[in-house]
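I've put the structures underneath this note.
Two complexes come next, and they have one chain in common, subunit A, joined by subunit B in the first and subunit C in the second.
On to the complex of A and B.
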């Protein structure tokens, strides 16, 4: 194999797949990235046996078709450090040479025939969604999914296709983020749990500038995302996802409208004095204002108020400020709406036209 | 060697701390507890006790009995800090300190006598030090066993010091009413009274067989031993307890899934009660399963929120157990442990869960109240008196 390529383009493609090879594995061959050069062009392929990604490399000239394995860590470090505009890569038996103007680098590489084949994807439900919107949905829901070892360590997001709409839902049992978009494609309903890691890889792999829609295919145990020649396939998680619809409040005693940016800033200020075993900021909605307060024993306390539009009796409720900031940060609404009933039932935050956040309060305040 | 065991018990602990910190409360009936509609009394000051207000009583009833009392929410953080001060005083007297909760502990000072003087001297030193460091009073019982020390500390509250010298245990215990017997709840007491036994002397002198017929063989033996002042339980130091656990080994392997579930549920309830008694909550639940002959598995999970609730502990433990054991697989030993302990209590803020059916009917306050009630009943009538439906 021998190719001539633009370093920038190769580096960009490598960024997409370079995060997939595992740092530790009983199967060291998958710590490499497979480069496949054919008459049609060059692709990079990486897998950790759960998630696999294939991405085309732009601006290449294939001198000699063939396949070679590039050790993921060293190659990505090299591409980052080199400053030459073009590179020549040639794979011979057992090694790959990267020739740059400033020097040449020989990497020992495994036999490409040992590399696991691309997973076979059985066709299933097919839908298309606007890519930028879907990436926003990932950004707005993935933080709410538990990663640490907890009872709701789902480590995935629920993708629910229903009646022409696609919902993405993340929860860690204390909060729940839900985004919605309409999709074109099969009317068939589907409900699958996608590993967070796969969605993070997808966020890196596809550009939100693309004019093409993101194509999503779901089979019984896999999901495939495809856009502009880039393809990402992931195993689905078989975790049970909680019955999330039951915890979304259908009605509330009070409705509050509040400026998002202002709230975010004030919350940050007050939260400084909310240390302790449980981080907590108290909200007291009354008349046309909300009083935010926090207390930290032995450190001090904070009190601050800001204007709101309140419908209903209002009342007090306490939240973990970090949980709320996580969501406010990724909202693009000027005004957010809060629906609440009392200090022990979930509050509903409307943070966008199709972005809802459910947050459970802290009791005993 | 004759042991010297101290039982030190803070007087109306929470309420005394509140009175210490707010001079306006001094001399007034003070009730510390949950102030919600369904709150219960944690501690009542001595002034409030005159109105018949007791721990675990619904706050509404306390209000009825004494409308003029001052009702305050517990401040666990403060109590935990004071408890650490007290603990430091104990630790300075002996390494053998067995804390029972935030406000009481057993101390085995046998080895400290040469250095610090006899039990009475050490007890006085503790009382003076505790007052100097915290401004609070503590009652101390000095004896040769845990049982006698505990009875003694309770006899002359507040700020009492009762010494039962070696050899005088019998004389000390004999005239005491049977309700002083450790482990004798009202039901057992009534049985003893029905036998005509009113004092510990009566219990000591009645033929064992007659007693056994009424209260059961095990209890009969224990009561007579205690009435004679015999109590071999050692003071078990529990330096930074990292976990609280309970386990059971079975004479015959357990195979039925229902039996396993039942035992796990009971172990979880026991762990929950000990957590609540110590005023702490746990973030991690661990389950230990031993399959015959010796293969042992442990599984643990971190909870979304620290808890002391039986139901939450049991749910987590059952899930872990189901993951560790195939249905019908025989089991020789089961254990449930709560780890990752942090100071807790009713007033500690707690992140609520979206999907968690915490406590009874998904209402954490109700769950807490139920737990308090169950604990109070078990305290009075013994462990077997009440149990959650299984």
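On to the complex of A and C.
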């Protein structure tokens, strides 16, 4: 194999797949990225056996078709450090040489025939969603997913296709984030849990500037995302996810409207003084204002109030400020709506036209 | 009157091998003497008991009719019916011991009841019971056991050396004696008196006599009462800790036990004071209504089962905690941190080649600026005397607190300054960015800055936690349902209220499941499942499990460790002064939460000895 390529193009392609090879694995061959040069062009392919990604490299000339394995870590470091505009890559038995004006680098490489083959994807439900919106949905829900292994799908987000809409939901049992978008495609319903890692890899792999929609295909145990020739396939997780609809309160005693940016800033300020043992900020909704307060004995206390629009009796409720800040900072709404009842009922935050956040209060204080 | 037990009672009694070695013979016979109301028990051994064991007592004695049945299995005067099994107050109850001993040795019992004019004797050799015959003897009972295992040579071969047997017997007698201060015990080995414990002495004196007076210096008297439950005795300070658990002694209603769950509870109380591998020293007696404890669990009767395990564990935990609090409040003597624990690694003090006598018990005593008897610490007039003496020794002006009335005030008044009192004003040197060396009026003090800071933070967190009324609960959106083993589930539901107090809300979810509705906000980010698993993790007996409280404590600990200044952080002078000011307020200033010492004291006299300016 021998190719001539634009360094920057290659580097960009490499960042798409470079994060996938595992740092530790009993199967060292997958710590490399497979470069496949054919008459049609060059693609990079990486897998950790659960998630795999394939990306085309632009601006290349293939002198000699063939395949070679590039050790992921060293190659991406090299591509970052080199400044030459073009590179020549040639693969012979057991090694790959990168020739740059600066010098030449020989990397020992495994036998490409040992590299796991691309998973076979059986066609299933297929939909199209606006890519930018979908990336926003990932950003707005993934933080709420469980980090530890709980009974909920491990580190996964629920993707639900229903009645022409796609919902993405993350929860760790204390809070739940839900985003919605409309999709074009099959009317068939589907409910799958996607590993967070796959969605994070997707966020890195596709550009939100693309004019094309993101194509999502779901088979019985895999999901595939495709855009502009880039393709990411992931295994699905065991389909155990809480019945999220039951968690979303249907009615509330009080409804509050509040400025998001203002709330976020004030919450950060107040939260400084809840840094002790328990992270907790108390909200007291009354008349046309909310009083935020936090206390940390031995450290101090904070009191702050801001204007709101309140409908209903209001009252006191406490939250872990981090949980709320996580969501406020990925919202782009000017006004946030809060539906609350009391300190043992979940509160509902409407943080966007299609972004809902449910947070369970802290009680007993 | 001795009766043969009805068979159903026999079957309920955990029978088994009673006699394994001379040691067990002595145990059974001394217990019998105590059951017979003896006020004086003498044990005489020949060849470590391998040749003969003779137990004499001044107890009630046998009637001739009793003697007839003495060697009959399941003959006991102590138990008649099943109901009685629930009310065992005597040490023996199986009617098994004499029969077992009679079957493996040549035994003679001579006994006279106090109201009888003459005594009677009976023999039993390898199970062959002889006739009852009159004989001359003083009131009480003498039982002589010769040639143990003469008819089972295999077992005889397994006997240990005379010295080993004797040491075990000595230990045993001391242990039995601690529960009965009203009884006079004597141990004679090959005509030499080895141990003499006069009746009526205090527990501290008896411990001193049996285990060495140096130990007593590091014991604190405790007593806790919860209605019908009482825990009292002596609790060793961390300085008394040992490598083995031979002096971790618990008595339940006068009976020595090796119960695991209660031992765990005691260990928990010591948890932050001992280093890994150290065993606490304590002599504690738990008294509770006899029907709330089942001793009939193990043939040697050293295991017990409690009706209210949590209560039993709780009161012991409380007793130890109060003792440790008391010990921390009391002044620490010069060199005290290392003085009387010669088995602690020397390297701790940084002087690997210290002459042995310097920190040996004898040395520590003569160096002691305080009145000699550490046991004073434990009697009610003690604390203020000790305190005054210590104040005087420090050359400190008599503060108002020194003039306060004595008893029981030591924790609130006098020495809340602890080992760090007055240090802020002292000159110091930071060594290796880790230790602070202070000059004092009487020598020097070395502080481990990390250990001390850890302790300061630990107590700060704990107090804040305790001060907060209701514990904040992070409720769960969706209750997390867990499937559990039936015993785990039962235990958790038993603990439901305690757990709720700590912020963990669980409910029965039917079948093998429980539902978690809320977790302590303090541990907000830990997965509920993990919390429960941690709770259930400790294996074994129910009561041995860490309580939710312990997990919270664990959490404080790790917070403290992470936040604590490290060894290697150079401190500014103001920071050091601040640290010391806080250290004065500590409840337990002597150890970090891992049990490492925070401070070592070297008195002038110790330094002089060390440099051979002073002959020991």
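Here is the rule we go by: the second predicted complex is superposed on the first by the 359 of 365 C-alpha atoms of A that agree within 3 Å, B and C clash if a C-alpha of one lies under 4 Å from a C-alpha of the other, contacts with A are read in each partner's own complex, and residues count from 1 in each chain.
Methods note: a contact is a pair of C-beta atoms (placed from the backbone, for glycine too) under 8 Å apart; a residue touches a chain by one contact, two chains touch by 3 or more.
Being a predicted model, the structure only gives us computed values, none of them experimental.
When both complexes are overlaid on chain A, the residue A:38 reaches neither subunit B nor subunit C.
Using the contact criterion defined above for the overlaid structures, shared-chain residue A:362 touches subunit B and also reaches subunit C.
In the superposition on chain A, A:173 contacts both subunit B and subunit C. Under the contact criterion defined above, the residues of subunit A that touch both subunit B in one complex and subunit C in the other are 146, 148-151, 171, 173-176, 242-243, 247, 276-278, 280, 297, 318, 320, 344, 346, 358, 360-365. Looking at the complex, you find that subunit C touches subunit A at residues 460-461, 464-465, 467-468, 470-478, 480-482, 503, 518, 521-522, 524-530, 556, 559. Touching subunit C in their complex are the following residues of subunit A: 146-151, 171, 173-176, 242-243, 246-247, 276-280, 296-298, 318, 320, 344, 346, 358, 360-365.
Across the interface of their complex, subunit A is touched by residues 77, 301-306, 316, 319, 342-343, 346-356, 363-365 of subunit B. Listing the residues of subunit A that touch subunit B in their complex gives 146, 148-152, 171-176, 242-243, 247, 276-278, 280, 297, 318, 320, 344, 346, 358, 360-365.
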